[in-house]
Structures are given as C-alpha cells and as structure tokens.
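Heads up, there are several structures right after this.
Here come two complexes built around chain A, the first alongside chain B, the second alongside chain C.
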Partner chain A sequence: MEVFANEYPDEAWVVRAALGSAFVALAIGGLMGLIQTLHRTGFYDSLISNADYYTVLTLHGVAMVLLFTIFFLVGFFQWAITDSLGRKSEDIRITKLWYGMMVLGSAMSAVTILGGFVDSGSLSGVEADVLYTFYAPLEAHPLYYMGLAVFIIGTWIAGFDWFRSWWAWKKENPDERMPLRTFMVLTTMLMWYLASLGVAISVVFFLIPWSLGIFDSVNSLLTRTLFWFFGHPVVYFWLMPVYMMWYVIMPKLAGGRLFSDPLARIVFVLFLVLSVPTGIHHQYVDPGIAEGFKFLAMTNTMFLLLPSLLTAFTVVASIEHGARQRGGEGYFGWLTALPWGKPAFTGMTLAGLMFAAAGFSGMINAGMSINYLVHNTLWVVGHFHMTVGTAVALSIMAATYWFLPKITGREIFSRRLGLAQVLLWFIGMVLMGNAMHRAGLAGVPRRTADPTYDQVIYDGAYGAIGELRFQIALGGVLLSLSLVLFFAHLVLSSFDIGERAAATPDSIPAPLSGPEQAPKVLDNIRLWTSIAVVLILITYILPLASIVTDGGGWLGDSYGVIVAEYVLPAVSSTIDIFVGVVA
Partner chain B sequence: MEIHRYEKLWFGLSLLLIVGFIGTITYGAVGAGVQMVSDDGGTVEPSFSTINENEKFAQQEDNQAVHVEGNEYEVAVIAQRFSFQPGTGSPIQVPEDSRVTFYVTSPDVIHGFSVVGTNANTMVIPGQIAEITVEFDELDSDEPKEYGVVCHEFCGAGHEEMAGQIQVVPEDQWEGDA
Partner chain C sequence: MNRPGPVGIALVLAFAVVAVIEFRTVLGMVGIDIAIGPYFAGAAILLVGGAAALFAVPEELTPESV
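Moving on, here comes the complex of A and B:
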C-alpha cells in the first residue's frame, strides 16, 4: 500500500486544490472576523465605516460558512470515496469540472461582495451587502445569485461523481457491504440534494429574474422560507465531514477502533431523514406561518438531537477503548493514556467538548417558546461560533495535521506548533462564545455595526456589558492569532525545512462491531430518501401553500394570484405523482 | 444486530430527554399560554398607502396605545428603514398593568422588533402583519418605566441606528383612553 498522494495523484491534486480554496476562504473570513470583533465592540472602529461593516459581515459569512466549509467537505469526501472504495475517479475530467465550477461560482459572488467596498466609479452598483442569508427585498447584484447557483451546481456534480464511483464499485463487488466512509458520503449528499433544492428554487426562479428586473417584486416570506429550507440542513452539511473524522480518524488516533459500525450508519440515516424538515425553527417568530407548522418543525428538530447524542456515546466509547489498548485504567484514569501530544487528536477532542456545550445552547434555541428570549440576539452568534466555528472549524484544522501528509506525501512541520494552535483557538472561543451567549441574554442584537443605542440600556444578567465586550474582543484576537499560527504551519509544511520523514501509509482499522452486524436495510438509501421526501412534504407543503395563497402570491403582487390559482395546483399534483413513483 | 447494553441505556435516556423537552414546550404553549407569532395578524400589501388604510394602522393616530376594553390595548407600528413609527420619534406609551397587542409591519425590507431584555420579539416581514401580545405589570414606583426596542435584522446601511422606546406610564399619569 502506498500513501494516498502517490497512489492516486490525480485525485490527490483535486483534494489539495479544494483544501487550498477552503483555506483561502478561511484566511479572508478570519481577517473579516477580526475587523468585526474590534469594530462592534468599539475597541477599534476607525478602520471601516458602519456601512462597510455590513460588507465585511457579508464576506465573513459567505467565506466561512459557504466557501471554507464546503470546499473542505468536497476535498475530504473525494479522499473518503477514493480511499474507501480503492478506485480512481471514473473520469477525472468530471472531478476537475466540478471543482472548477465551484471556484468560478465563488469568484462571481466574491466580486459582487467586494464591490460593496467601492463607493463610486466603474464598480458602483456591483454590490451584495445582503449578508449570507440574502433576505429579499434586500437586493444584490444578479452576479451574486448567479455565482451561488454555479457553486451549488458544482457540488451537485461532485455528488454525482461520487455516486458514479460507488455504482462502478458495486458492479465489481456485488456481494460486499458499502464501505462506511462511502455510506457517510452518499447519505450526506442525498441530504444535500434535498436541502439545496430550496435555495436553488429561490435563487433561480425568483431572485435572479427579480434582480435582473424581469419581476418587480418577490414574496419576501416565500424566499425567506425557501432559504431556511436549505439554511438549516446546510449546518449538517458542515457537520457531516466532521462526524466522519470523529468516527473514523479519532478512534484510530486514540489507538483503538470505532466502537460500532451499525450505530454510525444509523446516525447518518437519521441525519438524511430529519435534517431538512426542521428549517422553520429559524422562523419561530415569523408572522405568516401558523403555530402548528412551527410545532412540527420543533418536534423534528428535537429528534435530531438523537443522532448527536448517539455520536457522543460512540465517539467517547471508541476513544476510551483506544486508551485502554494503550494501557489506560480506571473510571477516569484512561483519559491520561490518550495521545494528547498529537494536535489532530487534541484539537478534535476540544472541538467535540465545545460541541457538547454548544449543543445545550442549541436545545434552548430549538425550544420555540424560550427562543423568544434569544432570537436574533448575540446568543445565537455565540451558539454558531461554538458549533460551526469550533466543532467544525477546529476539527477541520486539527484533522488537517493528520490529513495533510496523506495528500502531500510529506509530514507536517511541527506537532508542538500545531498543539499551540488548537489550544489557542479553544481558549479564544471559550472567551468569545461564552461572552456572546451572555450578552445575548441581556438583549444585545446580532448583525449590527454598533449595538449601542440612546434608547436602550442593557441589563447584563451575569457580568457588566463592558466586561462582556472586552471578552468578545480578546477572544476574537486570540482566534485570529490561532489562524496566523495555522497558516504559518501550512506554509512551513509545504517547504523542505528541518528533518522530516516522508509520510508513511496507514489505514483505518476495522470497527469493533463491523458492518456484518448492521441490518442490510440500513444500506437501502432509496428507502431512507423516500422517507425524507415524505417528511419534507408533510412539513413544508402546507406552510408554503399558505404563504403563496394568503401572503401575496409567488411574487408578492396581484400577478402572483394568477400563478397561485393555476401553477400551484399543477406543481402539487406533479409532486404527488413524483412521491408515488419514488415510494 | 448487536446493540451493547450501555448503548441501549444511552439511547433510552436520550429519547427520554427529547420527549421531556417536547413535553415542557407543549406545556408552555398549552398550560402557561406562551403563544407563537403566527399568521393571525393577516397580510397587507407592503406600501405606505395600503398599510395606512388597514384598520389597525388607521386607528393609530399618535404614540399612545389604543384602548380596546378592560385592560386591553393595541398599538400598530410601522417598521421602516431606519425607524419605528411610533417609537423612534417619541416613545410608544402604554399604561401599567395592561395587556397590549402590537401589530407590526414593514413597507420596505425585513426588520425585527425586539423589546430588549424581555421575550417580546418578532420578525417584521413586508406583506405580513406580525401580532404579539405583551403583558405589562404594575409599576413599582410613580415614575414611568422605559424599555428599549431594537431592530435586530439587518435592513441596510443605517440599520444600527434603528431603535425606539416603549414607556410604561403610571395609571394616574395616563392621558389616553382607559
């Protein structure tokens, strides 16, 4: 066996390119984050104007949660598919095509966002100060929406590419179980196809024609609801590669094996089934959506806690097993036998720990009545900086220390430097995340350049507002330093400095309970997809219908009523036929 | 398939936690009566002229809550770039010990309407009228009490200026209908 980079050089090129794109986005997003944290806390607000703050915020959001996370995902999944099936890409030109499309789409959107910094001249009018949620009727340049569409179509082709590899492998190995990593990739992509349909419809059928001036208006609640149809499941799209790392890489680093292959499959099936019909929980306080639909979305959301709680069990059990293999003993004594010197292991463990804490603030967000207290406050920002900003981002950075040698063929520069980097991130986020949660409880709103108002006095429940502001700024600075260390490490690792061995090939050990213990039905992804579709229809068809028929039609004007009377029935009967065929 | 004993236990406890959460929220809705913002407020075409013709908005003449009956009042607020009307120019006045229903809509983009430090919080979406009912307690002193109101959804350059106030007025100083 050879190192991945030598065995599959073409695929490794695409993986490296995708990771490179991800890290460019991380660098841009990180710089914007530093500017924001100093600006809105008032520590240094003379670099940009309040108006430019929203351009910075848009860039931060898009770069971090769409580009960084998803570029990393496609690189990591390409490795997972190629490595677990042990076969080259069916057609490397297709693989390069989807990567190219994603880059092109990113560039199109990035140009319009950057245009927001230019006040006049040839670029005036090219802007997209709409944040990453682009709620209409805030309007961006058409190129912004087109870029997003091209990017998403790129990910769709990537999914198709991976399905092709699986179909070809299946033909040659008709009696073998689907390898675990392939199973994780394919279930995640099916979830993604369902989820991204919402935003694709919103962008292609409404926002692009509207921004081009073909329609005068859009139904604001409709495009917002379609956004959240995609906007919640996208968080699992960020999370699933990380779950794969926690299930596959962490037990190995701990010196053990995955506890249970069947349970890992169940977890991914649950995410496929339950991820999409939850989006309305972002709209608990939206007018125009009846309470019953919100309750339904909440119930689905609460059941989504299950796969994450099961993951907590399996991952901890797996690393405990590893620690005991290394000689660890006692109820808690085994913790000392873990490989804390490895930045990949320590980083992912700290990320998991913070995910547990953030899970609890997520449970509060999910409770629809208590959500009133925190909706659109800084609490929510604290929550997602500890989830996507740490559980995901820190796991990605930590795993890179393990992953990089596989795809470059060269060991990383220094373990100690890596260790310092992941620790610094964790400390920075403890300060920033915690203070953001507390400031949110005092009512400090999110998404504003300056949260001080003449009319408002914040009554901090724990700690004074000034102290919280200081913690947020300090945390943000530490996080930025951690990023600097990370990028320095990447650069140093790409040169031949010091005495570093070539990467040694290794493999993922078999789980304690293997796939032979998993019922065959778990691999029936067609069945799980059909169930997901039915759940989505139950959760969404009625609220969408009422938004269109009661709330001003498809386009928010009288013309829309005509569409609602003729087009909506046609669409819903088409869907009925579709469900009939799939089921 | 083999499921280990501890796995089963963990699975059971997880389900219990989930069902418990759903149970407490259901109790909050049914027992304690915490209602969600819903489609009860109705819809209105997002333009000033149509909004001002709407029954709730037509009756809102100044910054004072409109008396309905008993201790129930109504306030109609237009959230627009970058002010609340009423609320920003002069505080919305409501009497103490009252139940006030707010109707909020927008003629331009999406806004938020959040009474800082309380659970009175709603999105304001063009085309939709948000309806929330808020209970104001009796005041501890003879002084009016102020609450800050902020727009918590990005609505354009100038968003950070968008705020207002609600003033709870002691009963003997209340000048509106009672």
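Moving on, here comes the complex of A and C:
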C-alpha cells in the first residue's frame, strides 16, 4: 500500500487543486476579515470607505463560507471516496470537469464582487455588494448569480461522480456494507442536493432574470425564504466533512479506534433528514411568515442538537479509548495521555471545544422568543465565527497538517509551527467571538460599516463598548497572524521536497463497533432521502404558498406588469391566430 | 502526577489567556471592574509565556514532551 498521492496520482492532483483553491479563498477572505475588523472597530478606518466596506464584507463572506469551505470539502471528499472504496474515478475527465466548473463559477462571481472597488473603467457598474446572503431586494450584477449557479452545478456533478464510484464498487461488492467514509460523503451530498435546490430555483428563475431586467421586481420574501431553505443546511454542508474528520482522523491520532460505526451512521442520517426543514429559523423576525411555521422550524432545529450531542459522545469516547491505549488512567488523567503535541489533534480538539460553546449560543439563536433580542446584532456574527470560523475553519487547517502528507507524499514542515498556529487561532477567536457575543447583547448591530456606539458605557455585565471593540480588533489581528503562520507552513512544507517522505502505509483503523453491528436499514439512503423530502414538504409547502398568494405573487410588484405586458398579449395573439386558422 | 511538558504548558497558558478574559466579564457582572491596563498586560504575559513554551517543544515527539 502506497501513499495516496502515489497510488492515485490523478485523483491526488484534483484533491491538491481543490485544496489550493480553498486556501486562495482563505487568504483573500482572511485579508478582507482583517480590513473589516479594523475598519468597523475604528482602529484603522482610512483604508476603505464605508461604501466599500460592503464590498469587503461580501468578499469576506463569499470567499470564506462558500469558496474556502466547499473547495476543501470537495477535495476531502474526493480523497475519502477514492481511498475508502479503493478505486480510481470512473472517468477522471468528469472529475476534472466539476473542479473546472467550480473554478469558473468562482471567478465569474469574484469579478463582480471586485468590481465593487472600481468606480470607473470597464468594470464600472459591475457590482455585487449583496453579501453572501444574496437575496432580494439587494441586487447584484447577473454575472454574480450566474457564477454561483455554475459553481453549484459543479458541486452537483461532483456528487454524481462520487455516486458513480459507489455504484461501480457496489456491483463488484454486492454483499459488502458501504464503507463509513463513503456513507458520510453520499449522505452529505444527498442533503446538499435537497438544500441547494432552493437557492438554485431562486437564482435561475428569479434573481438572474431580475438582474437581466426581464422582470422589474421579484418577491423579496420568496427569494429570502428560498435562500434560507439553503442557507441553514449549507452550515451542515460545511460541518459534515468536519464531523468526518472528527470521526475518522481524531481517533486515529489519539492512538485508538472509532467507538461506534453505527452511531456515526445514525448521526449522518439525522443530518440528512433534519438539516433542510429548519431554514425558517433564520426568519423569526420576518413579518411575512406566520408564527406557527416558525415554531415548526424551531422544533426541527432543536432536534438537530441530537446528532451533535451523539457526535460529542462518540468522538470523546473514541479519543478516551486512544488515550487509555497510550497508558492514560483515571477519570480525567487520561486527558494528559492524548497527543497534544500533534497540531492536527490539538487543533481539532480545540475546534470541537469551541463548537460546544457555539452550540450554546446556537440554542439561543434557535429559540423563537430569545432570538428577537439578538437577531440583528453582533451576537449572531460571534456565533457563526465560533461555528464556521472555528469548528470548521480550525478543523480544516488542523486536518491539513495530517492530510497534506497523504496528497503530496511529504511530511509537514514543523509540528511546533503548526501548534503555534492552532493555539493562536483559538485565542484570537475566543477574544473576537466572546466580544462579539457581548457586544450583540449590548445591542451593537451587525452588517454595518460604522455603528455609532463609540465609548457608550453599559453598566454591569457588558463593560465599555470601546473595550469590546478593542477585543474584536485584537482577536482579528491574532487570527490574521495565525493565517500568516498557516500559509508560511504550507509554503515551507512545499519546499521540503524529498527531505522527508510521508510515512507509509497510513490506513484508518477499524472501529471498535463495526458496520456489522449497524442495522442494514441505515444504509437505505433512498428511505432517508424520502423522509427528508416529506419533512421538507410539511415544513415549506404552506409557508411558500402563503408567501406567493399573500405577498404579491411569484414576482412581487412586477407580477401584474409581466402578466399585462407579456402573458396577456401572448395569449391574445395565440387566440387570434387560432381563430384565424379555424375561420 | 506527571510534570507537564512544554506542550502541556503552552496549552494551559492558552486556556489561561481565555480564562483571564472571561473572568473579567464575570467580575464585571457582579460589579467589580478591573482596570484595562493590568488586565491586558496580564493576558499578554500569559501569551508570551505560551509562545516561549512552544519554542521548547521538540520537533520529534517523545512521550515526555506530550
């Protein structure tokens, strides 16, 4: 058995390319994040204008939460499928096609966002200051939406590519259980197909025609609801590969084995079933949706705590098993036997810890009554910086230290440097995330370039806003330093060619409770997908019908114009022609 | 109990930085305000201590260094 890079060179090329794209997006998004945090906190606000702040914010959001995460995901999933099934891509041209489409889509959208910095010249008027939450009434250049559409279609083809590999493997191994990593990839992609359908409909049928001027307006509430149909489950699209890292890589690094394969499968089934019918919890303050539908979304959201709690149990049990194999003893003494010197392990553990904290603030967000207090405040920004910004981003960076030797064939440059990087990210994010939560409780708004709250003293719990702004800025600087260390590490590792070859072989150990213990029904992904579809229909049909009937139709105000100017004349002409032919 | 190695010290100090930040919030909630100067100076010393501990981490891991 050889290192992945040598055994599957074509697939490893795609994985490296996808990770490279992810890290380019991370670098751009990180730079925008630093500019943003210094501007907004008032520590250095002369670099950009308040108007450009929204371009920076859009680029930060799109680069970080769409491009960085999803490019890494497709690379990681390509490795997971190829390695767990032990087979090459069915057609490497298809594999390269979806990667190429994702790059093309990213470039199309990026051009329009960057156009926001240009006031004159050929890019003048090409703008997309609509943030990553790109619903109406904010309108972007059509190329922005087209780019996103191409990007999403690329991910769909990637999923198809992986399903093809599984179908081919299944033909050759009809009696074998689906390997765990393949199961995780396929359930994640099924969830993604369901979730991205909402945003695809919004983009193709409403936003692109609207931005091209075919419609005068669209139903804003409809596009917003379709966005959040996708906007919450996309969080799980980022998280599910991270869960795979926690289930697959962490037990191995700890010197143990996964505690339970069946529990891991149950968790991914629960995510497939429950991820999509929750999006309306992002719209608790939206007056166009009845309270009952919001209550339903809240209930579904609370159910989603279950897979996360199961994951906490399984992963901790797995690493405890590893620690005890390494000589760890006692109720808590085993913690000292864990491999804290490995940046991959330490980074992912700290990310998991932060995710637990973020889970608590997530419960606040999910509760209908208390959400009203924090909805449009910096609290929400603090929450998602601790989820996607730490649980996901830190896990990805930490896992890269383990993953890089597999796909390049050579070891990382320095464990010490890796440790410094993950610890710095942890401290920086605690500073920034904590201060954002506290500032949100004090009422500081989000999505604003210059909130005029300077030096307002709040009695009691919150401290001065000035102090919180300082903590946010300091946290942002520490995070940027951590990113610099990360990229330095990648560059130094790539210059280490031939010096230290990656250790071989490096297989994933079998779980303590294997797939033979899992009921076969867990692998029936058709059943789970059908249940997910039913739940989606129950949760969304009535609210969407209400939004269309009570909210001005499919196209809002322009609905009547479209009917009067296009539909009725077309019908009239058709009738005239028909009458003429008959006569 | 084993003496912690440099990795352990770096980790403990990273958590200490976090604890110092949170502790000020908790004290603030009960009406005790600590001046910002010593507060951030304390956190910075812990941060520098953590960085120093990292420099002592051996590149090749041994059981003692964990």
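In the analysis below, the second predicted complex is superposed on the first by the 543 of 583 C-alpha atoms of A that agree within 3 Å, B and C clash if a C-alpha of one lies under 4 Å from a C-alpha of the other, contacts with A are read in each partner's own complex, and residues count from 1 in each chain.
Here is the rule we go by: a contact is a pair of C-beta atoms (placed from the backbone, for glycine too) under 8 Å apart; a residue touches a chain by one contact, two chains touch by 3 or more.
Predicted model, so just to flag it, every value in this text is computed and none were measured.
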item	value
Fit or clash between chain C and chain B when superposed on chain A	fit
Which of chain B and chain C A:188 touches, first, second, both or neither	neither
Touched partner set for A:408, first chain B, second chain C, both or neither	neither
Partner chain(s) touched by A:340 [first = chain B, second = chain C, both, neither]	second
Superposition-derived angle with apex at the Cα centre of chain A and sides reaching chain B and chain C, degrees in steps of 10	90
Contacts of A:390 with chain B and chain C, given as first, second, both or neither	neither
Partner chain in contact with A:287 - chain B first, chain C second, else both or neither	first
Which superposed partner A:431 touches (first chain B, second chain C, both, neither)	second
Winner by number of chain A residues touched, once chain B and chain C are compared	B
Smallest distance from any CA atom of chain C to any CA atom of chain B, in Å, after fitting	17
Footprint of chain A on chain C - complex, ascending	1-2, 4-5, 7-8, 10-11, 14, 17-18, 21-22, 24-25, 28-29, 31, 33, 36, 47, 50-51, 54-55, 57, 59, 61, 65-66
Partner chain A, residues of chain B touching it in the complex	1-4, 6-7, 10-11, 14-15, 17-18, 21-22, 24-25, 28-29, 34-39, 41, 43, 45-46, 88, 91, 108-110, 112, 114, 116-131, 146, 148-160, 163-165
Touch list for chain A against partner chain B, complex	50-51, 53-54, 57, 129, 131, 135, 137-138, 219-221, 224, 259-260, 262-263, 283-291, 294-295, 298-299, 302-303, 305-306, 309-310, 313-314, 317, 363, 366-370, 372-373, 375-377, 442-443, 445-451, 453-459, 513, 517-519, 546, 550-552, 556-557
Of all residues in chain A, those that touch chain C in their complex	333, 336-342, 346, 414-416, 419-420, 423, 426-427, 430-431, 434, 438, 460-463, 467, 471
